[in-house]
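After this come two complexes, each holding subunit A, first together with subunit B and then together with subunit C.
Let's look at the complex of A and B:
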């Protein structure tokens, strides 16, 4: 899993490449925790490079959503690929989080 | 990540009529890769294939058995008593045995198809789910006759009469959970391969039956999503969704499309295979 972070207008964009699953979950959680510890609670996960998410991946996303929202921030998703979208739909995650076609739109939504 | 020395693998096949045969395609891939299962869970249409897989039959034998058991003829004969219950309720008392279709043929087909097998005969532990008509509870069957359990699990509301097992009237498993992952969690599975299907919506509602099917789909699809979310968050290990896609519409008795359905199941399993192998360290 490759994670690259970038600041745009006070929002942290995390560009992820690979799968979000049990094998990569600890790395992603650690990365997000570090961002939150730095006070970066307005997050956008750019999932353009993510081809798969499993139950462990969903738990990572949920943990990040709860933690950022508890600190007046949020985790918003962008660039979701069809296979990941299917899992997010099936698990009802699209009912509780905001999704956007691309990171720019997700960043703009924080204004 | 906590590693489990020898993870217990479960296959859960949800409701979805003939589409559930996609599980046979998944088994082709698993057999080739020598990925063994520790348990199989089936609900509604999925209970047919869960049972065939648990019996250890080949994909060909399972397909042949399906073609013999599940044909349009099983819904051809109307249940006269049910029609009278609707038309003349003062004369023929309405009760919990209501179902528009005479189920004698499907009962016989299942008895013949499963050749008197019991849960104790299964090569892989099998769990079949249905729903208690009187209190809505999920009923997990893991002993006794497989044919009886499967028959209870496929009691489509209004179509087939509820099936009495151990003095309980049981209706379709999808009514308590269309994808019973919870059974695998409860039985101690680590890695859960979940093959689920959303119920199709009607293009147009032009009859009472279509209205009935539509209401069932609305309810069961929402139930599928809420339960799936809960199970994903509650499970200690991995739930791997296998969601075959069908370009062609698959109806309740489209057994002529079985080869296509199996192929799509195989394709969906191949897609997840690298991750599954990575998880198993093979």
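Let's look at the complex of A and C:
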């Protein structure tokens, strides 16, 4: 799992590349926790490079969304690939999070 | 015509991607539809994660045997471990329609198996615990 962070208009974009499972999920949680600790609570996860997630990825998202929203922020998703979209649909996560076609649209949604 | 495949790996998190690749490779030889391959990978991943994180809890990690048989209209999967007995019916059931604040972090893995697979069964004996499920190829 590779994670790169970038600041755009006060929003932190996290670009993830790889597969998310119980092995790789803790690394993502740690990365997001470090961002929140720095005060970066308006987050966008760019999932263009993520071809797979299990429920381990859902747990990461749920934890991060709860924590950022508690601090007036959010975690919004962009670039979701078809298999990841399926897992979000099956678990009803599309009802509780905001998704966008690309990171620019997700960043703009914070304005 | 049916074809059997089997792989045994240590019950460690780093084995998860090995199981997924094994499924991709085997299904690729039989032109199994991509959507079905994805659902198999997901269900096997969730089952093996439960075994690794809960089945062998407090024990030396043993092994997981993944066996499956590809038939023209279905794929039969057997996952065997030698850890604690797990009763799927007793696992927490997530409410996938709940609002964010009421969402729980657990139970989603088993839920995804039930959502994607058919004929799920679990047997436990002195020879180990075996979770079996079938995926019909549409």
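Here is the rule we go by: the second predicted complex is superposed on the first by the 111 of 111 C-alpha atoms of A that agree within 3 Å, B and C clash if a C-alpha of one lies under 4 Å from a C-alpha of the other, contacts with A are read in each partner's own complex, and residues count from 1 in each chain.
In the analysis below, a residue touches a chain if its C-beta (ideal position, glycine included) is under 8 Å from a C-beta of that chain, and two chains touch if they have at least 3 such contacts.
What you are looking at is a predicted structure, and each value in this text was computed from that prediction instead of being measured.
Novice: Looking at the overlay, what does A:52 touch: subunit B (first), subunit C (second), both, or neither?
Specialist: After superposing on A, A:52 lies in contact with both subunit B and subunit C.
Novice: If you stack the two complexes on chain A, which partner ends up touching A:65: first (subunit B), second (subunit C), both, or neither?
Specialist: After superposition on chain A, A:65 lies in contact with subunit C alone.
Novice: Does the superposition put A:87 against subunit B (first), subunit C (second), both, or neither?
Specialist: It touches subunit B and subunit C both.
Novice: Between subunit B and subunit C, whom does A:109 touch in the aligned arrangement: first, second, both, or neither?
Specialist: neither
Novice: Have a look at where A:17 lands relative to subunit B and subunit C in the superposition and call it first, second, both or neither.
Specialist: In the superposed model, A:17 contacts neither subunit B nor subunit C.
Novice: On subunit A, which stretch or stretches are contacted by subunit B in one complex as well as by subunit C in the other?
Specialist: 19, 21-23, 52, 54-56, 58-59, 62, 83, 86-87, 90-92
Novice: In the complex, go through subunit A and note every residue touching subunit C.
Specialist: 19, 21-23, 52, 54-56, 58-59, 62-63, 65-66, 69, 83, 86-87, 90-92, 95-96
Novice: Within the complex, which stretch of subunit B touches subunit A?
Specialist: The touching residues are 1, 196, 198, 224-226, 228-229, 231-233, 235, 237-241, 243, 271-272, 275, 278-279.
Novice: Touching residues of subunit A toward subunit B in the complex: what are they?
Specialist: 19, 21-23, 25-26, 52, 54-56, 58-59, 62, 83, 86-87, 89-93
Novice: Sort out for me which residues of subunit C touch subunit A in the complex.
Specialist: Where subunit C meets subunit A, its residues are 13-14, 16-17, 20, 38, 41-42, 45-46, 49, 52-53, 94, 96-101, 103, 105, 108-109, 111-112, 115-116.
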